[in-house]
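Pasting the structures here.
Here come two complexes built around subunit A, the first alongside subunit B, the second alongside subunit C.
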Partner chain A sequence: MSIIVGVDIGNSTTEAAVARIGDDGSPEFLSSGTTMTTGIKGTVENIPGVVQVLEEATEAAGIEISDLDLVLLNEATPVIGDVAMETVTETIVTESSMVGHNPSSPGGKGTGVGRTVHIRDLENGAPPEGPVIVVVPQEYDFEVAAGILARALEAGVEVQAGIVQGNDGVLISNRLPTPLPFVDEVAHVEKVPLGMLAAVEVAPQGQAVRQLSNPYGIATLFSLSPEETTHVIPIAKALVGLRSAVVIRTPAGDVQSKEIPAGSIKFIGENQSLTVELEHGADEIMNTLAQAQPLCDVEGESGTNVGGMIENVRQTMADVTEKPLAEVNIHDVLAVDCLVPQQVVGGIADEFSIESATGLAIMVDTDRLLMERVAETLSEKIGVPVELGGVEANTAILGALTTPGIDVPVAIIDGGAGSTDGAELQKGKPVEHVHLAGAGNMVTLLIKNELGLERFDVAEQIKIHPLAKVESLFHIRHEDNGVQFFEEPLEANLFARVVLVTDDGLVPIDTKHTLDRIRTVRQEAKRKVLVRNGIRVLRHISPSGNIRFLNFVAVVGRLGLDFELPQMLMNELSPFGIVVGVANVRGELGPTNAVATGLIVNYCRRRDDAT
Partner chain B sequence: MSDAGATQQQVTKENAGETQQQQVVKEMEFEEKGEAERGSAPDEVVIAISPAFGDQMHAQTLTEIPHAAILRELFAGLEEEGVKARVVRIWRSADLAAMGYDAAKLSGSGISISIQSRGTALIHQRDLVPLAPMELFPQAPSIDLPTYRHIARNAAQYAKGDSPSPVPQVNDPMARPKWQAISSVFHIRETEFVRPDEKPVELGVTFKGR
Partner chain C sequence: MTPDEPERPAIHVALGNEADERLYGRVAVGAEEEGIPCRLVPEEGSDAVALAFSAAGSSRLGVGVGVASGRVAVHERHMPAGRPVVATEAGDRAEDACRQAGSNAARLVIGVPLWLLQER
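Here is the complex of A and B:
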């Protein structure tokens, strides 16, 4: 009889399972433990984490680490993943020809066209001829400005609309004989060129500008020729969805939607090498990758953003493994398109525009030597023999097979932070396995960028918690529209906020996005990365590349703990007629601990085979 | 436009380039409209002013900002967001939180702004406990007129069920040593005007000097 521990070092968590092996060779599980992984997976920095999880698990089993007869480590194969994002377009405004933004309260509504005039010129000298758009800097108090405008209107000046620096749009509009449209909070109002033809549009509440976001609308206002109209498309595009906007016709002014040369990626396959430009988007990149399979390595164009990013991953990996740079091969790439808010270059109201970006997850192969080093060091440290107990994917399958109601042939999807792994077991055949780039961290990166969040950890929280809206201090509305009441009032800092429903209570998110928007971004990110990778994994491991040949699919790892992903996967896969669900390791642990449990099962099997 | 408007315009032209918002209004008149009642309009924010605010103690704050100018900025901030203002004088206390709490109970939206003569302010909500306001602006000497406008804008957004970012505050480490004693004396003076048994009174406000 002996007591052994299976330890699974993952990208983000380290898990352990303690079992007593009976005389008949069957395991009796005593306890399990989970802790955060220390350092990069597969390096000696993992050891503090391993020791901690061993202490935790042995304590739960009522024994000491010194009572252990053997520690089994997973043979963590690849997976150092890195994620990065590059914007591939940007909007540049020259000669301040456009203002488009969403001040919280523009004044009036409607559209006005005229020549731009500084408000001081309305009182000094001859009144300007023809329709005018008045420019009001912050120094003019709203009452003073309204007074000047009212007198000018009375004197016959055709004031059509205004561009205001302060947050005074409504105040000025309210004080005029008839309300006019005012775009306010234009921070750099001094950059507005004077004496130029301009159009101001303020949409009614709850709507977006229509005329100025329509190229023909702009053409109508400015009497543009068909040739000139083709040049205003970027302007119209930049103004889509905004509550208020100004377009100024300057002699050379222009708005450009520019593609940033992000570089190209070269996929070196066993049979052929293919190159694809990053700005062609994720679909093109993934198609090219599929054509280049089986993949030997990936290179980024040197001197470009993507080149730097790929070499960075390679360098980190070379440092960790102490292998020469040339021997570190990239094994898989996942590209995802997204839209990110970026500040407009040359904008005069600190505008943001939604630009395309491409996110990349990259994965590098490691080798067995690394884990052997970890095993040796660990053994010295705790004075217990340490062995490598089998390839991660195989042990994960064995662990998953402890789930009630499951049988071979079985496939698993093991999603963690850095990679999505898959394995398939058929009777009488060796286990097929695959490791693909892109998992939880990639989702977090997408959420962070699409919502324009400053901090990674906020995005991480959004990823793993459902949302709610605080409707009053006594009740919240969950994202499924269910209402929850409270006896005691909530904290003042939660008032009217979108919050995360966590185990520790409600946590406000500091963002202007609506609940629906955050939810859409979150679900889309999961769909684009995790669901897509789940299907990619199944295609790789199923015998003929056809998912229909699989019978049982079990989701293990942290992926299975996500509150919505298993359902999303099930919706996606149920048309293929396969059973897909979250594993329940040993009938009690849910999707976690599969590898640690599998290490022990594998150990018992090997002993059986030996005897 | 009247002649008064014309003179106003002269002032403005001479001072163009610097902020004249502070020079625009220095005085105001209150008209008592009887005991303040509980409002039902969801688009109102009640501004609670302390017993001496506006007509006693030189009608200006510690840093000599006219009370009239502050009220005007608060009105402007609310109006810009499309929310109505109602001014209520709280007599029973000069305590900022108590005033704000009383006013929040009177407010149709449940949101109130409370301000003392020395310039200290807060935003309150009727479901909160008195000493836990939505936003507190404890250092009166650091609050300038644009900040009062911003406070009103935030209060209006709370009333509309929005969640604005809290008003940024200047933290002046010298404010305490420099102002604390004066501020205390100021407040002690103000408490002399408290009438413990008097109900809150609704006020009409007319700005003068325009």
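Here is the complex of A and C:
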């Protein structure tokens, strides 16, 4: 009789399963443990995490680490993934010529065109000739500003509209003899050039600007030539969907939508090498990759964004594995298109424009030597023999097979933080397995960038929790439209906010995005990375590459814990006639601990084979 | 307006015995920026929270603001009486605090997140 532990070091969590092996060679599972992985998977930095999970699991089993007879580590051929994202386009305003934003309450409505004039010039000196747009800095109280404007209008100055720094647009507009459009909350009002022709548009409530988001509308207001009209397209594009906007015509003013040289990717296959431009988009990149299979390595064009991204990953991996740079080969790439809000360079009201970007997940195969080094170091540290207990994908399948109601032939999708892995087991055949780039971390990166969030952990929280909108001080509406009422009033800081529904209560998200927008971004990110990779995995491992030849698919790993992904996968795969379900390892652990459990099952099998 | 015609919906504002009448104007400006009407109602007292609660009780929008003894409170009819939605020490910036309270009261009505930066 002996007590052994299976330990699975993953990209983000380290899991353990403790079992007593009976005299008949069958395992009796005693306990399990989970902790965060320390360091990059496959390095000696993992050891503190492994020791912690061993302490946790042995304590739960009522034993000491020194009571253990053997520790089995996953032979990961650790696939290490990295993610990166670069924008393909950028909007630059040279000379300030545009203000476009969504203040909560602009004043008045309609469109006004005239020359920009500072409000102090309406008080003093000769009244300006012709139609004017008045610029009101914060130091002018709304009552003072309205008084000056009313007197100027009476004196015959043709005030058409205004640009206001404070949140006073409505108040000024309401105090004039007839309301005029005012764009307010323009932070850098001092950057508005004076004496220039400008147009201000405030849309009616519930609508977006029409004239200034239409190139011909701008051309009409400013009497532009056809040639000049082609230059205002980026302006019109940037103003689409906003409630209020200002366009200022400066002599040299120009908004450029600049293409950044994104570079090209070269896929070096065993049979042929193919090159694809990053700007052609994710679909083209993935198609090219499929043609170049089986893949030996990937190179990015040097001196470009993508070249930098790929070489960065290679360098990180070379540092980690202590292998020469030239021997670090990239074995898979996942490209995803996304739209990211980027602050407009040179904007006046902190404007954002939506730019296209490409995200890449890159995966590098390392070698078995690394895990052997981890095993040796661990053994020295805890004084217990440590062995590599089988290839990760195979052990994951063995672990998944402890799920009630499952049998071979079976395929698994194992999604973690760094890579999506797959394996397929048929009776009497060796296990087919594959590791693909892109998993949970890629989803988080997409959510972070598409919502323009500053922090990675906020995006991570959005990824794993459902949303709700606080509709009153006493009730919330969940994202499925269900309403939940509370006996105790909710905190004032939650009022009218989009919140995450977590085990610890409601957590407000600090963003102006609507619930629908956040939900769409979250689900699209999962679809673009996880569902797509699930299908790619199944294509790789299914006989002859046809998904229809698979029958049963079990989801293991953190992917299976996601609150919506298993259903998304099922919807996607049901047309192929496949049963997809979340594994329930040992009938109690859900989709986690499959590899750790499988290591022990594998150990028992090998002993059986040996005897 | 005849007596049986219901009052127009508005945020109700109650000033404490010694509070400056001009502060009502600042509350009104805050609500106006958000597009919600408000009305001064006669209430007696020196506790901003209690004033706000009874103002909220008489408001058809169920939202009230109370200003008294250097404090400004925003209340909602369904809240427990002693638990205002927002209560701030006005300090020497009473005018700004009142404008913000007016804005917050209006935001409670229209369902927009509140300003809570100057919270105690």
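In this text, the second predicted complex is superposed on the first by the 579 of 611 C-alpha atoms of A that agree within 3 Å, B and C clash if a C-alpha of one lies under 4 Å from a C-alpha of the other, contacts with A are read in each partner's own complex, and residues count from 1 in each chain.
Basically, a residue touches a chain if its C-beta (ideal position, glycine included) is under 8 Å from a C-beta of that chain, and two chains touch if they have at least 3 such contacts.
This structure is a prediction, so every number in the text was calculated from the model and none was measured.
Model built by superposing both complexes on subunit A: subunit B and subunit C clash.
Once the two complexes are laid over each other on the shared chain, residue contacts for A:Ser105 go to subunit B and to subunit C alike. Looking at the shared chain after the overlay, A:Ala150 reaches subunit B, while subunit C stays out of its contact range.
Of the two partner chains, subunit B and subunit C are each touched by A:Val170. In the superposed model, A:Arg497 lies in contact with both subunit B and subunit C. By the document's definition of touching, of the two partners only subunit B reaches A:Glu123; subunit C does not. Residue contacts after overlaying the shared chain place A:Ala357 against neither subunit B nor subunit C. When the shared chain is aligned, subunit B comes close enough to touch A:Glu139, but subunit C does not. Of the two partner chains placed by the overlay, subunit B and subunit C both lie in contact with A:Leu473. Applying the stated contact rule after C-alpha superposition, one finds that A:Pro489 touches each of subunit B and subunit C. A count of residues in subunit A touched by subunit B and by subunit C gives the higher number to B.
Within subunit A, the residues touched by subunit B in the first complex and by subunit C in the second are 104-105, 142, 167-168, 170-171, 174, 471-474, 489, 492, 495-497.
Taken together, the subunit B residues at the contact with subunit A in this complex read 1, 5, 8-9, 12-13, 15-21, 24, 76, 79-82, 125, 127-129, 132-134, 149, 153, 157-158, 161-163, 165, 210. Interface of subunit A with subunit C (complex): residues 104-105, 142, 167-168, 170-171, 174, 471-474, 489, 492-493, 495-497. Note for the complex: subunit C touches subunit A at residues 29, 32-35, 76, 78-80, 83, 85-86, 107-108, 111-114, 116. The part of subunit A that touches subunit B in the complex is made up of residues 104-105, 120, 123, 138-144, 147-148, 150-151, 154, 167-171, 174, 471-474, 489, 491-492, 495-498, 508, 510.
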